[in-house]
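Just so it is clear, A, B, C and D label the chains in written order, and each chain counts residues from 1 on its own.
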Amino acid sequence: MFDQLFIPHPEAEKPTPLRPRKGVIVGAGNVGLACAYSLLIQDCFDELVLQDINRQKVEGEVMDLVHGMSFINPTNLIAGTVADAGKDADIVIITAGAAQKPGESRLQLVGRNVAIFRGILQDVVTYCPAAILLIVTNPVDIMTHVALKISGFPSSRVIGSGTVLDTSRFRVLLGNRLNIDSRSVHAYIIGEHGDSEVPVWSTANIAGKKLLPKDWESLSPSEQAELTDIFIQVKN
Amino acid sequence: MFDQLFIPHPEAEKPTPLRPRKGVIVGAGNVGLACAYSLLIQDCFDELVLQDINRQKVEGEVMDLVHGMSFINPTNLIAGTVADAGKDADIVIITAGAAQKPGESRLQLVGRNVAIFRGILQDVVTYCPAAILLIVTNPVDIMTHVALKISGFPSSRVIGSGTVLDTSRFRVLLGNRLNIDSRSVHAYIIGEHGDSEVPVWSTANIAGKKLLPKDWESLSPSEQAELTDIFIQVKN
Amino acid sequence: MFDQLFIPHPEAEKPTPLRPRKGVIVGAGNVGLACAYSLLIQDCFDELVLQDINRQKVEGEVMDLVHGMSFINPTNLIAGTVADAGKDADIVIITAGAAQKPGESRLQLVGRNVAIFRGILQDVVTYCPAAILLIVTNPVDIMTHVALKISGFPSSRVIGSGTVLDTSRFRVLLGNRLNIDSRSVHAYIIGEHGDSEVPVWSTANIAGKKLLPKDWESLSPSEQAELTDIFIQVKN
Amino acid sequence: MFDQLFIPHPEAEKPTPLRPRKGVIVGAGNVGLACAYSLLIQDCFDELVLQDINRQKVEGEVMDLVHGMSFINPTNLIAGTVADAGKDADIVIITAGAAQKPGESRLQLVGRNVAIFRGILQDVVTYCPAAILLIVTNPVDIMTHVALKISGFPSSRVIGSGTVLDTSRFRVLLGNRLNIDSRSVHAYIIGEHGDSEVPVWSTANIAGKKLLPKDWESLSPSEQAELTDIFIQVKN
């Protein structure tokens, strides 16, 4: 019956839609779903595909998210895969990965995640050859390097989340300490995301004014302790 | 040391901030956290307080959310209570409630939730006497009535989430069926959220054009079956 | 000197950017500039080209707008033409047109605007064959038909602004009268934008509830006068 | 007739609205209207009052803007004054001022603008004693000082637009030169807005990396010329 509700003009041609902005999130766990939720609310894509090895779970999650779509600028959200609905995506975000088992070494975990990435990336290379890869799976810097090597994509299109969240934490904690909006704190955590990461005190600045007037050695022990304490909070 | 970074002018008076928009979410479970996440991204409040009986859990959740705050327009997010940080909030969203125990009747569940609401609302009435109450706890229409009676607030300030999500689902499913943006589908689910809710077919319209040309009885059995099927998907 | 500030890694390939969303506005008068300003603030495009026969004027306007770009999500705004910077635009908005001269008939004005459109559309057809055309130049419905015929584009890609602003006015005025958010008023002005346009009272509704309980004839003379007065305000 | 469309429940109390965010723009010339347009689209206020000595002009402009309100989150936009609709505004933006007459000295112009400010600020002090004053009228730094003295407001509540637009231009031009998003360029123009303003090369940085490796004197003449040229474009 609905087919008679809007009768197109007999001479009308089908509309030629603009090329959609398309994204794929691989892995619909907590991180993948938080990504999806945030990207939907902020209207980043015209089409967003959620892929997960647990097909039933991802279909349930998509149905839940779709049912709230009338409250926002709607995105065409689909439970699917890179190989079907995700073809020619602009960006593929990988959050999928194995969890560390008791007694498993970090190296064994990486080994299992490399195997998972091989499967995912084979499809990405085949169906989304021009996509940007955004890697979130931990250990993120290793997995980003793995994705770079497996995909053969140019380095400008393989991005890891790296220390971006650590940097955000760092700015928020410094902003709280200085009573300044964290968006005005310019400071970085660099290195590998995790135990060996490093705060770049020397370039940390607010409005171009350096946080450390001279160098680290010129600080008093109590000043060094205060800054070290902020960095420890960032890491943990 | 930081205290010398920005030395205020000796004659400067403390800035007089604009009165902040303040919200409280009571209950930091899945629903409460999804509310918080969505409200933060959409920059709805200057201050947002998360209250939960599990103080440790809510403090962890708040720390996680705060650390991403440099990516958005920051909200002052606090793990606290209506009675402390939440004083004089503009809106209090209640998602807290007990889960149904095996063998427990719906009436027994309501009884336990009424007890929980008494505690929460005593603080709301004392510390946020001008707030709008938004009730999400299930059974939502009963708990909204309970909140109205316990708080003594005027009915214009006690709102339940009611069938708002059912209505959204209804519009999304009709929009999908008609290949129309769900925001252009004007249709309502009314009644009590749950088994007895009702689709208002008679006023459902797109651009003022009614979905049902005449009345329900004029539809063929297959048309009735198709519409009934959409409503069943809304309820489940 | 700046070239040494950021030295790219020797192995790095040039980034492959996402295909940009590109728009062109033809005509940088008041209407075209208001369009540009609104589209820039709302971050609708990655690239926006402003074209005007007065090249000097459009370059000045673009420079002014560009200098505020650090306050918003920046758009690559260019003073150019459909034939150069505007190639392969997704949408071309035409606001250009002649102003009515004293003593000139409406038909003579149309004649001059048709000549202007021929020039503009020849470039659009050549350089942006897949674009959507949005016509704003008055008399808008005639010029939209002209654009359809000259361009040979399918009707699904030639859109006139028509009565969209009249409809907005209608909803705002009805919303004010009813003390309701105008976004909840569903009512349309149809027909040709201008003296002969028509309010569709029969389908005007709020939440599916019709504004007119029965038909126009059932209204009292004072009720008819009140509604007529609202429509007169819409037209003028 | 409309009064019967929505009959409130006899027991219902009037809703208690949240305290609105209210702004006033004094002066509805090009600058004031561009402010209004931008603030409306970005949904900054619940109520916005436009005041101008030309009451008829401001009423026409407000009517135009109101009629597009159904396309955005609506703001209650009013043609009025600080003394009536603008009472208890959170912020008062002053763009009003006299234009320089031929043969008039800059000092004479200031004198006339001081007289205009006296009238405006008397109302602001009386009706919006807690407001933030944002001064845009030129010469902006002098007029901001004048507003500070006349109003007697604490300096934390009297803000001039100063060199904020010059700083934006500076960042856009540097960003264009470096092929970097201008929002990542941290550089300031300070001093009085106008001929005597100064670029702060010493703290200009991208991601904490200084633009000038050493000091100005260490630059080659051609490097100095290139930077000077950028600053000259900022000023003009």
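Remarks
The rule we apply is simple: a residue touches a chain if its C-beta (ideal position, glycine included) is under 8 Å from a C-beta of that chain, and two chains touch if they have at least 3 such contacts.
For clarity, every value in this text was computed on a predicted model and none was experimentally measured.
Two copies of one sequence, subunit A and subunit D, touch each other mainly through matching residues, since over half of the numbers at the interface are common to both. Repeating the A-B interface with over half of its contact pairs identical by residue number, the matching pair from A-D, B-C or C-D is C-D.
Rounded to a whole number, the gap between the C-alpha centres of subunit A and subunit D is 36 angstrom.
With centres taken as mean Cα positions, subunit D sits 27 Å from subunit C.
In subunit B, the residues that touch at least two other chains are 209. Contact residues on subunit D toward subunit A in their complex (touch as defined above): 186-188, 200, 202-205, 207-209.
Within the complex formed with subunit C, the subunit D residues making contact are 1-2, 5-6, 34, 37-38, 41-42, 66-71, 74, 165, 168-169, 171-172, 175, 177-178, 181-183, 185, 206, 209, 211, 219-220, 223, 226.
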